[in-house]
Every structure is written in structure tokens, then in C-alpha cells.
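As written, the chains take the letters A, B and C, and residue 1 is the first residue of each chain.
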């Protein structure tokens, strides 16, 4: 079970680190800025979650593998050959961000639910849902705040909704299906919802001013 | 006494959530962004305070009533009929922000003092003052950072000063008048100072460059 | 030894508070905004560090001397005569920021290592390095986020690299030289690296888009 969780979280880490590093490149940051943005995007949601539940030091410091993976990914993405290739083969920056961000979002939202369950908050559905969502979207919000942008999640593509729906599904299935199947189901739903939302241009309504 | 505190905090929650939701609407966010900004503005100061004193999970997660109230207010404000009406009857966005923000500011600044006293920091005046102020202004700062704006409190209207003066008054009166009267006095002073500051255009000096 | 650490940290506090206050002045903030930015820059890195290791309330609230020093410095810098003089005699804002920021950076990066050692994390080099770096750069990042700027450390002058190298050196020398000599060596290296980087225009590579 531990191995399963580790593999899933490493996939999410790679995805989010790549999206953070690309954002740093787009903003003209130097090598260090690109690496920091990769690490913040990949590990930031978990750090927020761990500070909120008082699980200190946060897991990213107890298990350096996540931060080191994020640094490695950022270094690879930094090569012009790599990030140009990624962009060309996925029809540009937006499409690439979509795919990687969606995988990471699903993995981390359900990993947040898992951490909430492990910390004994299974009887507080509202809190479990919040921890799942913030683990999923927190890194991206920090990425956007640190690169002086309006956070992506507030304006685009049904983003945080997908994380909330997946986290809720994962939490609801948990007592019946156990950790592994609930997490896979939740993460898959997040990924599918995001792709469907992008393809059919689902949007949440905006207020008319 | 508990009921008294609850009523006061719900008034503050409604006020701050409305100011956050309006900001989200002004920035062109979608429904979810508007709700998140409402919740962050209403509950963010308390979360910062609770993380700083190590009272985890923060009260917003132990008592979902505040976040649910903030979501409800955000949904109501989201209707064009509602936010247009609010703006028309209060001479525009700025005036509306002023009134609601001032009520919330007074309530939360004194609620922060109350939380500091309950946590046993009554003998550290500096810390009590800080916790009151950050509970009052923290949500608004997070609102502005998340909507990619220069924080309102740094540039306008005597804002954080009013919170500090009210929190200090509340802390000083506490041993003599008890919780209820000190909080009412502190919150009322914050509200009055803010309105006076707006009416007579009190300003803190700015540095000449 | 306590006195030694206090003196070093007060030097760092003065340096960082001055850089934060100058930034606030540059952004057109009022007196309170300038003071808040001074305090955040001087104390923010330590607050982040203390929240991450669960040492609450953070040291800035247990020892008001740092925040009070930062407020005092901000008030002095606020006088037009003072901040104009500072800028004239150091060839402008950028040069002044460089010197003060570099002193503060060295002091706080090594103070972060010292706090990590005191909290018993000496056997986790990765975490010690992170705590040193975030204590050094965290206040500046908060300063830039709160003044709605792209964080300085992501784009300029080898900044966070110098902090990491100094923190690493301090941590590596610690078992051999003890606290005082390791901290002086680490802080001096940070300061020198920053000045050399500025003089010879060392830059980290940026990605070609």
C-alpha cells in the first residue's frame, strides 16, 4: 500500500513540477526561480495541508524524495530542447499545462483525502473535503501568487470544482472500497472532468457586472 | 456568552464574505472563484491567527458554520440583481466595501483579542494586539494577494490603524469590563474610526519620493 | 553566546526592515504600510520557519525586540531626508537594497541553520538547508508578494543561491567550529558572494523561450 501511494504521489509531483517550471520559464525566471517554482507547485499544497493539521515538519521535509524529484524535473524542463519539444507536441503551453496539471490535481486531491483520513478526521466530511481540495489546488495557487499572476483556479476550466468532486467521491467511497480503489476512482474522475471541461468548454458562470 | 460571540462573528463573516465576493466579481472571476474569495476574506484572518498560536485545526474547520455562511453570502452576492442593487443603494462599490469591511474589521479584531485571551496570552500585550490586528486584517490581505492587487490596507483610509486601536482598547478594557463589553467597545470604536476617517478623509502620511 | 546571536540578528533586522520600508515607499504606501512591510521583511522569514517546525508562537512574538526594532527603523527610513540621503550616498535604490539585503540575508540564513540545529534537526541536512534558506529569503518573498511584485529572488543576482551556499557551509562547519564561528563564516560567505555576483554580474542562466 505504501508503494502504491508513493508511486501515485511521484506521478503527481512530476506533473506539478513540470507545470511550475514551465510557468517560471514563461515569466522569464532564472534557473533557481524555475526550480523553486517547480518545488512550490509540487509540494506547496501538501505543506499548506500539513500546517493546517499541525503535522509538522511537513512531509516534504521528512521525505526529501518529493522535493528532489521536483528539482530534477525542473532541471530537465529547463533545457530549451525539452520545453520546446513538450510545447510543440502538445499544441502549446496551454494544452501541456492542462494534461500535467490534471494528473497532478487528481493525485494530490485524493492524497489529501488520504492524509486527512490517516490523521483521524474521517468523521468531519467538510474538513476532509477541504484538505483534499487544498492539497490539490494549493501548490498551483502558490505558483501563481509567487509569479505575480491572478490564480488560474479562480478563472478557468472548472479547475477546483473537479478537485472537489474527486475528493468528495474518494471520501465517500473510502469506507466501502478502501484506500487504493477510492483514490484511483477519485483521481480518475478529476482527470476526466478536467479533460471533458476543456474539450466541451464547460465553464462556471461569471457574474455580469 | 458563547451565543453572543457566535452572533458577533456571524455578522463579521457576512460582512467580509460580501466584500470578498464583490472583489471576485470585480476581477471577473467565475462562481467558484467568487465563493473562494468570499470564504478566504471571511475566514482567512482566523486561520492565520490559529496557525500562529498553534491552535490546529483552525476554528473554521472545527466549526463549519462560518465557511458555510460565507459560501451562502457569496452565492447571494453573485446574483447580478443583488450586487447591482447593493452598489446602487450605497453609492457604488467603494462605499459598500467601506461599510461591510468596517463591521467585519471591528468584529474580527476583537474576536482575535478574545482568542488570544482564551489561549492564555493575556500577559503579552504586544502579542494580543498583533493577534487582534491580524485576525481583523488578515482575510482582507489574503483577498487582495489572491486577486493580484496591492493590499488595500497598505494604502487606504486608516484601515489597519483602526483595527489596532480597537484591539488595543478591547485588550485594555478586558480586565475591567469583561469579554462582552470590551468586545462591543472595541468593535464600535473600529467602526466609528473607519467611518470618520472616510468622511473627513483622514490619511496617514505618505513618504515623499 | 546568546548576546552574540542577538547582536547578529538585530543587524539583520535593521537591514531587512530598511529594505522593506524602502520598497513600501517606492510603492507609494502610507506610514502604516511602510512599517508593516518593514516588519514583514525583517520577521517574515523567521515566522515561516517557526510555523514549519511547529515552534509556535513564533519567536517574533515571544521576543518583541525584533518587531519593535523593525518598526523603529521603518519610521526613521520614512523621513524623506533619511531615505533620500541613503539613496544618494549609495548610488540609488538598487545599490542600497543590495548592501542591506546582503547583510540581512547572511545573518538570517545562518540564524535559520542555528534554529534548525537547536530544534534537533541536525541529522537532516536537507531540512537544515531549507530552514536556513527560507529564514533568509522568506521575508523578502513576503515583502514582494505583499507589494504585488514578482519576487526579486526569482530573477536577480544569484540571490537565493548565495543564501543556500552560506547555509550549507554553516551547517557543514557546525560540528567542527561550533555555533559562533560557523555562523560568522556562513554569513560572511553570503555577503561576499552577493557583492561579487553584483560586481561581476554573475547570473544564473535563464531559459530561452
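Keep in mind that, in the parts below, a residue touches a chain if its C-beta (ideal position, glycine included) is under 8 Å from a C-beta of that chain, and two chains touch if they have at least 3 such contacts.
Values in this document were obtained by computation on a predicted structure and should not be read as measured data.
J.: Is the contact between copies chain A and chain B built from the same residues on both sides or from different ones, judged by whether over half of the numbers are shared?
T.: Shared-number fraction below one half, so different.
J.: Write the angle of the rotation needed to overlay chain B on chain C, where the fit uses Cα atoms and the result is rounded to the nearest 5°.
T.: That pair's rotation angle lands at 120 degrees.
J.: As a quick test, compute the distance in whole Å between the mean CA positions of chain A and chain B.
T.: Distance between chain centres: 30 Å.
J.: What positions in chain C touch 2 or more of the other chains?
T.: 51, 54, 145, 148 - these are the residues of chain C that touch more than one other chain.
J.: Considering the complex alone, what residue numbers of chain C touch chain B?
T.: 24-34, 36-37, 47, 51, 54, 56-58, 61, 64, 67, 78, 80, 83, 145-148
J.: Considering the complex alone, what residue numbers of chain C touch chain A?
T.: Touching chain A from chain C are residues 51-54, 121, 124, 126-127, 130, 141, 145, 148-151, 153-156, 159-161, 203-209.
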